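Consider the two complexes below, in which chain A is the common component and chain B and chain C are the respective partners.
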Partner chain A sequence: MGVTPRRSRGARASTSHVIGGSGLSVLPAVIAFAVAVLVPAAVIFHQSLQPNPLGDPSAPHDTWGNYHRLLTDPIYRDVLLRTLRVSVVGGIASVVIGLALVIGLTAFRRREVSSVWLFLLVAPILSGPVITVLGWMGLFVEGGIGYRVVNALRPLWGGTPGRVAETEIAMTIGTVHFVVPFIVLTLYPIARTVSKDLLEASLTLGVPPVRTVFRVVLPLCRPGILAASIVGLAMAMSAFVNARFLGGERNLVLTTLVSQLVNTFNPTLAAASSVLLVGLGLLLVAVYGRVLSRSVRREAAR
Partner chain B sequence: MSARTHHRRRQQGWTGWRVLRTATVVLGFAFVLGPVLPVVVQAFNDSSVFPDRMRGLTLHWFTDLLTYDEFVAGTWTSAKIGIGATALALALGVSTAFAVTRGPRWMSGAGVTSVLMGPIVIPQIVVGLAILQVINQLQLRVGLAGLIVAHGVFVAPFVIRLVAGALETQGTSYEATAMALGSSPARVLTSVTFPMLRPALIASSVFAFTLSFVNVPLSLFLAPSDQRPLPISIYQQMASNRSPVLAALSLLLAVLLLAAAAAVERFLRVRLLQ
Partner chain C sequence: MSLNGSQDASRRLGERDEWAQDVATRLGSSTHLAQARAILGGWATAAGSRRDVLKWLGIGAGVAAAPTLLAACGGDSSPAAGASATGIPDGSGRTLSVSVWGGETERAFKETVEPVFRKLTGAKVQYDTGSGGERFNKLLAQASAPTVDVFVNSGENVFQANRQGLLVDIDTRRVPNAADIADWAKLFPYGISYGLVAFGLTRAAGVPALTSWSDLWRPDFAGKLGLPGIGHTQMPMFLIMAAELNGGSESDIDPGLKALAKLDPAVLQYFWGEWADRAKAGEVSVVPEFNYSLLGANDAGVGFTFDFPQEKAIAADNTMAIVKGRPNEDLAHVFLDVAFDADVQTAFCGEWLGSPANVKATIAPKVAGKVPLAADILDQVRFFDLGKIATKRAEWTERLNSEVLPSWE
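Then we have the complex of A and B:
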């Protein structure tokens, strides 16, 4: 998602005469970011260290008590593990699906992909989560198409056929559906720059198209896959409407836990869960980013 | 290897690739667009249960929409928030785009960019809750302002992306020419830079407004109880009382928003998504 400057050094010399050349115009965004993100983050962290207003007022105050409870109470630990499962499985599945779609649309094509196709793929971003979640509810109802497909596939991972609506599987599928358009947005600009001449060379040397995709196109998309994976993980973890309605109230993840804790008037535990959610996201992104960027570097060194 | 076997092998390879590509693209599109089907069906289904098997065609879920005061009021609330958020996102996004494309080199580096793009990946429900806590602690009475700020900051990254891309492409030579001919910087901005940026500005406005208009997680905690944005009203109905009216409403909304985006892309020759 980076913005790469394309200017030469010569152009840089006249920077002072260029409108916006001082870079000071970044200030409004910095201030807005501080007001809308950093200050609230500090406030919510402070709040997460306060005692539970519903708790015993005579009990000694334990600063990290809310976090301790989230990490040790089996109910909350379940939520934490489910969040990890759904975001890792969902994030990776989204990248695989998004990548397959983007490569399927662009590989070996000299002409630009019609913007109608791209528009349809990112349409769920513009239509918002509500309509697609309603749709998944309709598909997952007993006897619906989604219900049948999931139950036909369930034996593959050792599951037993049965209810689909308001399960972790339904939530994971909904999350993948929510994330895929963002993956397409991230990967498409990179996939379309893959050199057609390299593909031509590979084909001329007798490498079949499918193997060319795996040996040439995929490695060239590596940096994009890194960016897309981070976007995918973070978005899968922060998906809310999908988790609320497709997972239901029995399959909470951190986002839906936060909303439930706010509704049950437990603001300090809600604050601690929020901090945990952001922390977990940063941790996953850091670990994942490090693993992937190492493999990108190894590829580049080869 | 004779020329003929070589040729045949290439042909076989292409068949394999075509099958694989077609299967991937068809399945992928079915997955992305499939969930719209039940919504379309149920919006016209003459049954008061959602979802239900087909019991006849009707349009009365659409006509019923107007009798829901909260949906009508919510539309106006969401429109107000959307306009405010778009204005804020444009102000923040355009100024930042100038800085990252034309400012000192370190500003176009990965560090600044990733901080500014941060709002895309921070869980929005957390931000909504956190801003609410600030508002409560300072005992502010902000009405829709909290929502506008939150939405504006969170859609600004999309504006930065689109406008920075356009600024890169148009370069600075036209501005330099205008300045050399004696125009003041303000004049250059209003009669050269911004007119050239117009397609990107229109595309980002439509994108920003739409993203704000459909947002749920940012608004969930920040919405004043007497002024609920439309998606929050729908969300609350989904939790309490699922009715085909919701299918009709979300279908109508999606059609209108997508038509607006498609019209902008088509008529203004803007590539909204690149």
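Then we have the complex of A and C:
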């Protein structure tokens, strides 16, 4: 442990030297970021504090009223919690499934075969989310395959059989289907860098394949897994199409709430909801960033 | 406001030759001028002849719009920049941008209004498509530099756009076909509706005819309803209906909210595609829906029937308006006039499946028996105060979210 901090400091000093001590070289990027992201964000934040220009002019106005409502009204608190739940559950499930698929892909001896499978796995990205969501809508109708499978599994977590369309579980399944291809694309190049020699060494020494995956492959893929988790969380949180058509208004999340408010002449509450969505996303990424840096430090210490 | 003002019949007849010459010149068919004159001479009495003209011009069912169009563009209307000798603005090298719903409505404009408009003006047409709300918000966001010339949206969105100062008053002298538009379609001075659709009750085969909005609360329909979503265009009207059935009113909406919370929907929906599969699976048997949407649903095999409730169906009028601050105001007026021509309306509504707003329009043969004339359903639909609804929608949506949605989960 004693060596690690010195090595870490050395690496930082070296990096700083390469990009220029003054940091001026990153100024264009900072300005571009400010113009493209911070300015619109500031406009939306400002809008969220204004009275609704499309609403009843006689309605009383409170500057922070929109945020107060979103954080205290039970229906909007439910929306926030559901957003968090679907993002975390959907994001983590996507990473687990994506990881399993990537490990399966790397097991093919011939790279051409894994390339074909990789293409098939990421094909939903090409068709866009609408097509897949329409497919799920058909599967979730009463008596459909999706309906039967979900209802067969529901008792596992104490659920009762019933409608599947327009439920949180339908929305989560759609979210996972939407996010998994992006996880596969993120993880696959990293998984391919894991040396086959290490795997063969592990297997030759008598370690079972499953244990080899957990003791060799996963630790070597860890930075990639954490990066993919951030991608998964961010995409699950900002996904709209599956939330709109598989969850519906009975399972509002922040994206569908924003859409509903924008379409019902309530742009200021929609702006406040957008600010919360961005805030929630940044919070999750910050937490993950912390976990990521700790993990990398731990790796470096080994 | 007088719509027809100087549009007396003699003037129309007097300017028809001029129109024929102008159209023929534009179409590069000057040798056919005499033929055009002969045919156009009898247009007012022979609908068949009018269509012959259209065939001859090769531009579809709507070109007969042009006589009145020309009559308007000449005479007492102020000539627009680049206007031709006869008053039709020269659209060469120009593009008119039309904000419209994608799908059937866009297709109907492309196939019926656009060809006539293009032949007359030489201008191109481009479409900016999206949902009504999206396009309204886009217009609002681009208030200082709008990118569309013609705004096609629900009457309520057009009302809001006008309240925000985004529209110009329509110069009806430049839209003479507005004289033939029914009163219910006039959202003057800033909007004119091109057609009427009714939002009523639809039911599955085997369900007896529905007679009242109160049928939705029948216990045998619990869990079988396809209700409009909270943000549905017709939701505020639906809420008012629910309030009135329970002793409330437009200004006392509480009984409506309480009543809606007692409903048990199988699906919350915005368009028929969201409930069609579930109706076919037997999950949904009663759906408040638009009459024209049901035609699409039934083509997809849903097999539902439309009923007008005794409290009347909710009227929905899709409206056209002209955006302020654009260089194509002259072309936009022509586009509206073409869209409101009787024959174009007949063709347009044959594609769009709503009832035409022009009282002289007929029902296209291919949809006869399916699409009603507006006059035939006018006493069965109810028009709401769009201004009041637009003002209250945000507040009511929030109340629906808080007070009704939890009961519908």
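Assume the second predicted complex is superposed on the first by the 241 of 302 C-alpha atoms of A that agree within 3 Å, B and C clash if a C-alpha of one lies under 4 Å from a C-alpha of the other, contacts with A are read in each partner's own complex, and residues count from 1 in each chain.
Note that a contact is a pair of C-beta atoms (placed from the backbone, for glycine too) under 8 Å apart; a residue touches a chain by one contact, two chains touch by 3 or more.
Source: prediction; values computed, not measured.
For A:Pro219, decide between first (touching chain B), second (touching chain C), both and neither.
neither
Once chain A of both complexes is superposed, is A:Glu166 in touch with chain B (first), chain C (second), both, or neither?
The second partner, chain C, only.
Between chain B (first) and chain C (second), which, if any, makes contact with A:Thr264: first, second, both or neither?
Only chain C; A:Thr264 stays clear of chain B.
What is the contact status of A:Met137 with respect to chain B (first) and chain C (second): first, second, both, or neither?
both
Residues of chain A touched by chain B versus by chain C: which partner has the larger set?
Of the two chains, more chain A residues are contacted by B.
Thinking of the overlay built on chain A, is A:Ala100 touched by chain B (first), by chain C (second), by both, or by neither?
The first partner, chain B, only.
Output check: A:Leu54 vs chain B and chain C. Expected answer is one of first, second, both, neither. What do you get?
After superposing on A, A:Leu54 lies in contact with chain C but is clear of chain B.
Which residues would you name on chain A as touching chain B in one complex and chain C in the other?
Comparing the two interfaces on chain A, one with chain B and one with chain C, the shared residues are 137-138, 141, 144, 245, 259, 262, 267.
For chain A, which residues count as touching chain B in their complex?
1-7, 11-12, 14-15, 17-29, 32-33, 35-37, 39-41, 43-44, 47, 97, 100-101, 103-105, 107-108, 115, 118-139, 141, 144-145, 177, 180-181, 185, 188-189, 203, 206, 208-210, 213, 230-231, 234-235, 237-238, 240-241, 244-245, 254-255, 258-259, 262, 267, 270-271, 274, 277-278, 281, 285
Show which residues of chain A lie in contact with chain C when the two form their complex.
Contacts found on chain A: 52-57, 59, 69, 73-76, 137-138, 141-144, 163, 165-166, 245, 248-252, 259-267, 269.
Considering only the defined contacts, which chain C positions touch chain A in the complex?
131-134, 137, 140, 160, 164, 229-231, 266-268, 274, 277-278, 280-283, 390-395, 397-398, 401-402, 405-406, 408-409
Going by the contact rule set out above, which residues of chain B touch chain A in the complex?
Residues of chain B touching chain A: 6, 9-10, 12-14, 16-17, 20-21, 24-25, 28-29, 31-39, 41-42, 50-51, 88, 91-93, 95-96, 98-105, 107-108, 110, 112-127, 129-131, 133-134, 137, 149-150, 152-153, 156, 160-161, 164-165, 168, 171-172, 175-176, 179, 185, 188-189, 193, 207, 210-211, 213-217, 220-221, 231, 234-235, 238-239, 242, 246-247, 250-251, 253-254, 257-258, 261-262, 265, 271-274.
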